[in-house]
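Look for chain A in each of the two complexes below; its partner is chain B in the first and chain C in the second.
Moving on, here comes the complex of A and B:
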């Protein structure tokens, strides 16, 4: 029973997503530190930059993939008894899919 | 295999938690895990805030007002520690993957650096938010 990346692919997903998350978060934090956002108009303007919707979509995809590998590792290491593990993993996968749908819904309705 | 080796009771059991000391790298590692789980709890909150902030001027004001509530502020400081620790420990981990700083002395120094820098960032965040 393989659900999502395991082994070497999981290791690669974890690191590739980590690098993107790191770069994107540094960009976001630096951007807010340099130009603070005080009103919704400024906030929407920040979000309406060219490429921002794509960058956010990749961010959420990387974030959810990163969460899958990390939280899966936590369950594989600590979830006892072992027979409940598949259900916990299915629950985790379902939860992350739910977050993915929610994020997609927000991004689609985000004013451009 | 001798009887003593097969009998779990003959093992040296030493579970006095007050006397177990972990190497500093183990603290970095456990912190990496803890901070990851903590950050995961912040993701639904992030999506909720993003959604509210897009829904009309009132939604944006409500989202920023939510961020200034006392309990939420404490959560934000915890998230600041978690993000700092997770990012720094992650960078250290990836450098170790590339065999940078994986000699024991360097690894211990960088582990101290990660643990202390993350705490320092948490203190700065507490100063800014609380």
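Moving on, here comes the complex of A and C:
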């Protein structure tokens, strides 16, 4: 197996995460259309629905994975000279890890 | 009819510039190449490649009014004036309309464009069923003119790492050849982030192919082959070549 940035796994992750993001978006829009949220209390109630923490956790994971592959592709396509790409990728990974930690805090503070 | 042709002499010019030629079309001027040959008679310093003059060799690929095509099969009377001719984009210019195709052919050779089969050759030939042979249709017709790779932004950005549509349709041709035994090695060779997966499915390659081939479909089938989802695929789709205007 070759070393360096992956091709096939990244491609599969991008597509699988896109499918989940699309389904989750449809669910959220349909949910808000059926039961509009007008206040903080209603918002907390919406978040406290069964399985919501897990669904949101998968959403954040899919979003971060999708961002990683998409932004990594931008850097692999356009970042010149080529030798700066590893440093930019490390910076990108660090930024996304920061977002992952933030998303983790949000999930932990969600109403049970 | 006015022709604006990119000129560049590396010994004299800092960069390419357009030279204008006003030509009275004659009855014998059917294809763009006919006119270019007449211009060259007037101005022997104009440099270009050509050979078969019937869309088979791919030598006279160039950018015609912003779109890649073969001068020998482009009807000159269908073109908008002024006809702007430039060398294939993204490739280093050698002179005028001639580009350096070293990198292009390096990528082509990197996919090992030959049958790999270690079994002793049979007495007559390695046979294929009609269905197995059908899979090569839409790929083997590629003439390596480079119209596709030269119109592919991914190839512009990473010509040394991305194989490009011309090389990848050839890779498909051997990956899907029932007589070839190096399928897994070929797929593994293309599995990194660059060699095949720089393709962003822009599909310029399929749009400009003068033979009407669809390298983007070949690339998709190779991807599916990597995840064992290629199924019982037949010939690659083809379309009538879209004329340059």
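To be clear about the criterion, the second predicted complex is superposed on the first by the 107 of 112 C-alpha atoms of A that agree within 3 Å, B and C clash if a C-alpha of one lies under 4 Å from a C-alpha of the other, contacts with A are read in each partner's own complex, and residues count from 1 in each chain.
The rule is short, and it goes like this: contacts are C-beta pairs under 8 Å (C-beta built on N, C-alpha and C of every residue); 3 or more make two chains touch, one makes a residue touch a chain.
The structure displayed is predicted, hence computed values, not measured ones.
Peer 1: Just chain B (first), just chain C (second), both, or neither: which does A:109 touch?
Peer 2: A:109 contacts chain B only, not chain C.
Peer 1: Looking at A:25, would you say it contacts chain B, chain C, both, or neither? Reply first, second, both or neither.
Peer 2: In the superposition, A:25 contacts chain B only.
Peer 1: Have a look at where A:33 lands relative to chain B and chain C in the superposition and call it first, second, both or neither.
Peer 2: Neither partner.
Peer 1: Classify the contacts of A:12 with the two partner chains as first (chain B alone), second (chain C alone), both, or neither.
Peer 2: It touches chain C, and chain B stays clear.
Peer 1: Please indicate which partner A:67 is in contact with in the superposed arrangement: first for chain B, second for chain C, both, or neither.
Peer 2: first
Peer 1: Is it chain B or chain C that touches the larger share of residues in chain A?
Peer 2: Of chain B and chain C, the partner in contact with more residues of chain A is B.
Peer 1: After the superposition on A, what does A:99 contact: first (chain B), second (chain C), both or neither?
Peer 2: first
Peer 1: Examine A:76 and indicate which partner it touches, taking first as chain B and second as chain C; both and neither are also allowed.
Peer 2: second
Peer 1: If we count contacts the way the header does, which residues on chain C are in touch with chain A in the complex?
Peer 2: 154, 157-158, 188, 190-198, 200, 223, 226-227
Peer 1: Sort out for me which residues of chain B touch chain A in the complex.
Peer 2: Contacts found on chain B: 33, 36-37, 40, 43-44, 47, 50-51, 53-54, 57, 60-61, 83, 87, 90-91, 94, 97.
Peer 1: Mind pulling up the chain A residues that touch chain C in the complex?
Peer 2: 1-2, 4-8, 10-12, 72-73, 76-78
Peer 1: What does chain A use to touch chain B in their complex?
Peer 2: The contact residues of chain A facing chain B are 15, 18-19, 22, 25, 39-40, 43-44, 47, 63, 67, 70-71, 74, 99, 102-103, 106, 109-111.
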